[in-house]
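One structure, pasted below without further comment.
Labels run A, B, C and D following the written order; every chain starts at residue 1.
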Amino acid sequence: MIAATLSVGFLPLVDAAPLIVAHEMGFAAEESIAIELRRAPSWSSVRDMLSFGRVEAAHMLSPVPVAAALGLGGTGTPLSAVSVLSANGDVIGVSNELAARMREGGHDFAFNDARAAGAALITHAARPLRLGVPFPFSMHAELLYYWLSALGLPAPQSVDIRTVPPSLMADALEAGEIDAFCVGEPWGSMAVENGVGTLLLPGNAIWRFSPEKVLAVRSDWADAEPELMGRLIRAVWRAGRWLAEPGSPMLAAELLSRSQYLDLPPEILDRALTGRLVISPQGEERTVPGFVEFHHNAATFPWRSQAEWIGLQLAARTGLDRATAARSAASVFRSDIYRAALAPTRAELPGASAKREGALDAPTAVPGASGHLTLGPDSFFDGRIFEPSQS
Amino acid sequence: MIAATLSVGFLPLVDAAPLIVAHEMGFAAEESIAIELRRAPSWSSVRDMLSFGRVEAAHMLSPVPVAAALGLGGTGTPLSAVSVLSANGDVIGVSNELAARMREGGHDFAFNDARAAGAALITHAARPLRLGVPFPFSMHAELLYYWLSALGLPAPQSVDIRTVPPSLMADALEAGEIDAFCVGEPWGSMAVENGVGTLLLPGNAIWRFSPEKVLAVRSDWADAEPELMGRLIRAVWRAGRWLAEPGSPMLAAELLSRSQYLDLPPEILDRALTGRLVISPQGEERTVPGFVEFHHNAATFPWRSQAEWIGLQLAARTGLDRATAARSAASVFRSDIYRAALAPTRAELPGASAKREGALDAPTAVPGASGHLTLGPDSFFDGRIFEPSQS
Amino acid sequence: MTGHGFTSHRKLAVAGRMSAALSIIVVEPDRDRAMLIVDSLREAGEYEIHVISEPTGLARRIQALMPDVVLIDIESPSRDMLEELALASGPLERPVAMFVDRDDAGLTDAAIEAGVSAYVVDGMQPQRVKPIMDAAIARFRMFQRMRTELAETKRALEERKMIDRAKGMLMKARGVDEDEAYALLRKTAMDQGRRVAEVAAALVTAAGLLG
Amino acid sequence: MTGHGFTSHRKLAVAGRMSAALSIIVVEPDRDRAMLIVDSLREAGEYEIHVISEPTGLARRIQALMPDVVLIDIESPSRDMLEELALASGPLERPVAMFVDRDDAGLTDAAIEAGVSAYVVDGMQPQRVKPIMDAAIARFRMFQRMRTELAETKRALEERKMIDRAKGMLMKARGVDEDEAYALLRKTAMDQGRRVAEVAAALVTAAGLLG
């Protein structure tokens, strides 16, 4: 008995995997719902599909619903993040020309040292540095700003930020419209594969555990259909749990590669899913533990402190009141809904709904709703710790 | 609890699949036995391993235990065929040079007309026709004799038969030591793949349902260890049943391809397992229904009439008394042991233990031990029917 | 002949959608026991229950109702009856629990190989139906996941093999090398807006037909 | 503390081999019920039965005895207890049947996801143990076959991917085309007496290490 068919918007990215898997592997059917996946060409398009009610839920950049709550961008429709879909998963890449200058200057492309990579980029890039990001309100933009600003290049003020849909990032780099980018996989790898770029850093070299995509719904829909939403959250949670099993990434790459989803060779998708990236057209490989995380370390828990961090970054740039922004932002990540939805499952839920972001350098056991739960490292590259005001 | 480890000899052939699958897919373990597979280089070697007690059971040419019972070849150790392992599965191939002459003469290599193919072969081959078979006592030899003799080339009298181990058949053809061969797969396909031969006929174009390989044991071991033997028979039967499932051939090809078994690319093994053969180095394809059969149509039932047919062919060539030979031969195919072993399973067993060989032109329902059972076509290309005297 | 056919719970329309109440077909020849089972299930949760008294009507009712779960109570089946019932109930499409009073024929293996998610030798006891049904559902799901995973993995492997085979055919037919053969497949796929695997499969099939 | 530990049936040596009598570990705190269960099983077939009275010793006994089947009777487990027991019994290596008197916590899903082959909410009733055990064994085997098939299919796909990846690396490193890259892999494999997939895996791993 299918209770309902839910339309869900997504962008062709590796981190749409939990939604694609929930559908293809039957986790949605187990919850008596059908998921109808609608591919969109850009983030503004997905956001509008959701805001205007053309889809019930969406694969969404975590800062988008926060920005909407702060009155930035969007259509004024309040959105809620009822689950995180994935942590990490972005890559920063540079043009081959810039990469060559950085190599000449002695940079080793070790792919794990944000400080060294940032210093080399700042030293060797032309001014102003032209950076491509998929959307103004995105973890991509936040990571770049945090990183470059911490290293002495005040961003976004001193850089030229351009919005380029993920699938066009390689083209923009090739056309010389940008010097570098931060993008979700597989579009960084596609730039490498097409011979137009070299990868410089994974996103988690800047922030070890950033909430990358969320499952977003209209807040009024969340109020009206708590039961259906619970089914969707559980289906997606089971999909993420399946993705974390050792044998799953290979098969997930096959599912994602199909024409209605990413329509790219599975070999390219394997890179992000296994954390083994090819960083240059010469074929150099780098292994990145935790490159993208769908389940472990409570990856899908929507921490109010994550939303607050995002909200305060946005507030600082736009001059909004910090306390108001923190409050509004924190209310967007619905840990209450997530908890209620997962109560009937075997999910281990954290005892608190906010944490000091950046405080963990190593896997750490924390109190869970029943027993213990392990959280992974979530430190920032510069060691700063964010103390949330809300919880 | 593993009751025993049984050593089983085999030759690297596609029709060793039931034994390899019984081990790899855990059917042996389900019967609380372990199978230790020992690869042999030639049929005489497998026979001797079995006769001298170095293995408990073997993948064996169906005529070998019959010949032993008739006092032909072998070491005098009585052997029993406790199950058929596979029906059909051989191919007849010719050298490229001979194939070219046959093509010039108008033969179409349709791969399904034993009469036309035989006539073309007899017309265009040099005299004496030099034929490679894997062993003197083999279904390969019997099929060639039956076919050529029926078409007016008395065999073996008027042909030059040479024994060549299956894996060396392509080399013998390339070296010009033989003009044609009958061999089990994948060695016919390997001759094609190496560019040295063209396939002329599948074995089942001569006899639609011939018992090709049997599970052979020493008769005294069969008496001493009925329980263990039952376990082995059931494990192999389950493996055959699994092989007959639609999704299995592809995976079977992968298992068989491993270095300890056939050590050949799975793509070559797929051909026999799916009945889609590439018959010439030019890549021509032919589809052969029932090319090799591991389960359907009671393929593994050791019909006493099959053994008797083999025995009488051997007797006719060697001048043995027909009645004695028929009796001795029929006692080698142990339908009694097979029935007892499969009683606890869901196998549908035929009511009788002998049948008129060659009498069925189409799938036919026959009385089974409980309900009905379908037998497939088993006709000879020349329409003759063999009436067994024993049952 | 096919039973009382009463429905214990009507489908609820929620916001224009159907409710997700599990629909259950109960095959129970004993009318009194059927009532007790329905009552017991109703107490345990919100279900849409259809009772049929004779298994002969099962296949037709299943076609009509597409139930989420099938519970079959049958005294002491023969093997043929068991296999027929298992087949009719569609055990690969939904959880099926089979209850027998006695298993004289030792049919446990047959029942489980036929795909039933629960085979209970003790008859259908009203107070025990719910936990058995829950276990059957959980087991069916686990099995279904694995079957999906296996099917998808096989499909992926099959596609790769198909591509390799098509490449081999092109290499022979056009005298090109492997790279060129793949480029040709990819170009055809792009031109036709299809996947490389689809183009490869079409090529291999066509060759088989022409063969 | 870990129970009576009696063995109802000694292993028989048959022609230098062990008998294939199924060995069963029964976890049953109630000594009287344990006796009844052992008697009931003995009547039904030839088994080697070990009874332990407390689940705390289970993991150790399983290591020592490597039983074919584990039957666990436990009144009303908490989720933690259930998962711990399931883990200790090794439900992916052998059939495990778990009997609970009451399932207050609704742990059916958890038990089945943990891999137990039977989860029975009615306690361990001596006269019903045998058919439940048979069903658990049949189900375990079916599941095991599918797991094997899935693992082998994944392995085959993985190997192909590895070969493709190694080919790609060679093409880049040596500037050769796909055919030549494969020929190089095959030659290395033949020289080393290894499979192409193994050589490819070694190459890919080495590149990862060097990377």
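Everything that follows uses one rule, which is that contacts are C-beta pairs under 8 Å (C-beta built on N, C-alpha and C of every residue); 3 or more make two chains touch, one makes a residue touch a chain.
These numbers were taken from a predicted model, which means no experiment stands behind them.
Chemist: So if I look at the partners of subunit A and the partners of subunit C, which chains show up in both lists?
Modeler: Correct list: D.
Chemist: If you tally contacting C-beta pairs, which pair wins, A-D or B-D?
Modeler: Taking the two pairs in turn, the one with more contacts turns out to be B-D.
Chemist: Report the inter-chain centroid distance for subunit C and subunit D in whole angstrom, where each centroid is the mean of the CA atoms.
Modeler: Their C-alpha centroids are separated by 25 Å.
Chemist: Provide the C-alpha centroid distance between subunit B and subunit C, rounded to the nearest whole angstrom.
Modeler: The computed centroid separation for subunit B versus subunit C comes out at 37 Å.
Chemist: Out of subunit D, which residues touch more than one other chain, so two or more?
Modeler: Within subunit D, the residues that touch at least two other chains are 109, 113, 149-150, 153-154, 156-157.
Chemist: Find every residue in subunit A that makes contact with two or more other chains and list them.
Modeler: 251, 266
Chemist: Could you tell me which shape the graph of touching chains takes: line, ring, star, complete or other?
Modeler: Contact map by chain: other.
Chemist: For this structure, give each pair of chains that are touching.
Modeler: Inter-chain contacts occur between A-C, A-D, B-C, B-D, C-D.
Chemist: For the complex, give me every residue of subunit D touching subunit B.
Modeler: Going through subunit D, the ones touching subunit B are 14-15, 17-23, 48, 66, 68, 141, 144-145, 148-149, 152-153, 155-156, 194-195.
Chemist: Per the contact definition, I'd like the list of subunit B residues that touch subunit C in the complex.
Modeler: 247, 250-251, 254, 266-267, 270, 276, 282-287, 346, 370-371
Chemist: So in the complex, which bits of subunit C are touching subunit B?
Modeler: Residues of subunit C touching subunit B: 79-80, 109-110, 113, 150-151, 154, 157-158, 161, 164-165, 168-169, 172-173, 207-208, 211.
Chemist: For subunit B, which residues are in contact with subunit D within the complex?
Modeler: Listed in rising order, the residues of subunit B that touch subunit D are 1-4, 24-27, 30, 32-33, 224-225, 227-228, 231, 242, 251, 254-255, 258-259, 263, 266.
Chemist: Considering the complex alone, what residue numbers of subunit C touch subunit D?
Modeler: Going by the criterion above, the answer is residues 103, 106, 108-109, 111-113, 119-122, 128, 131-132, 134-135, 138-139, 142-143, 146-147, 149-150, 153-154, 156-157, 160, 177-179, 182.
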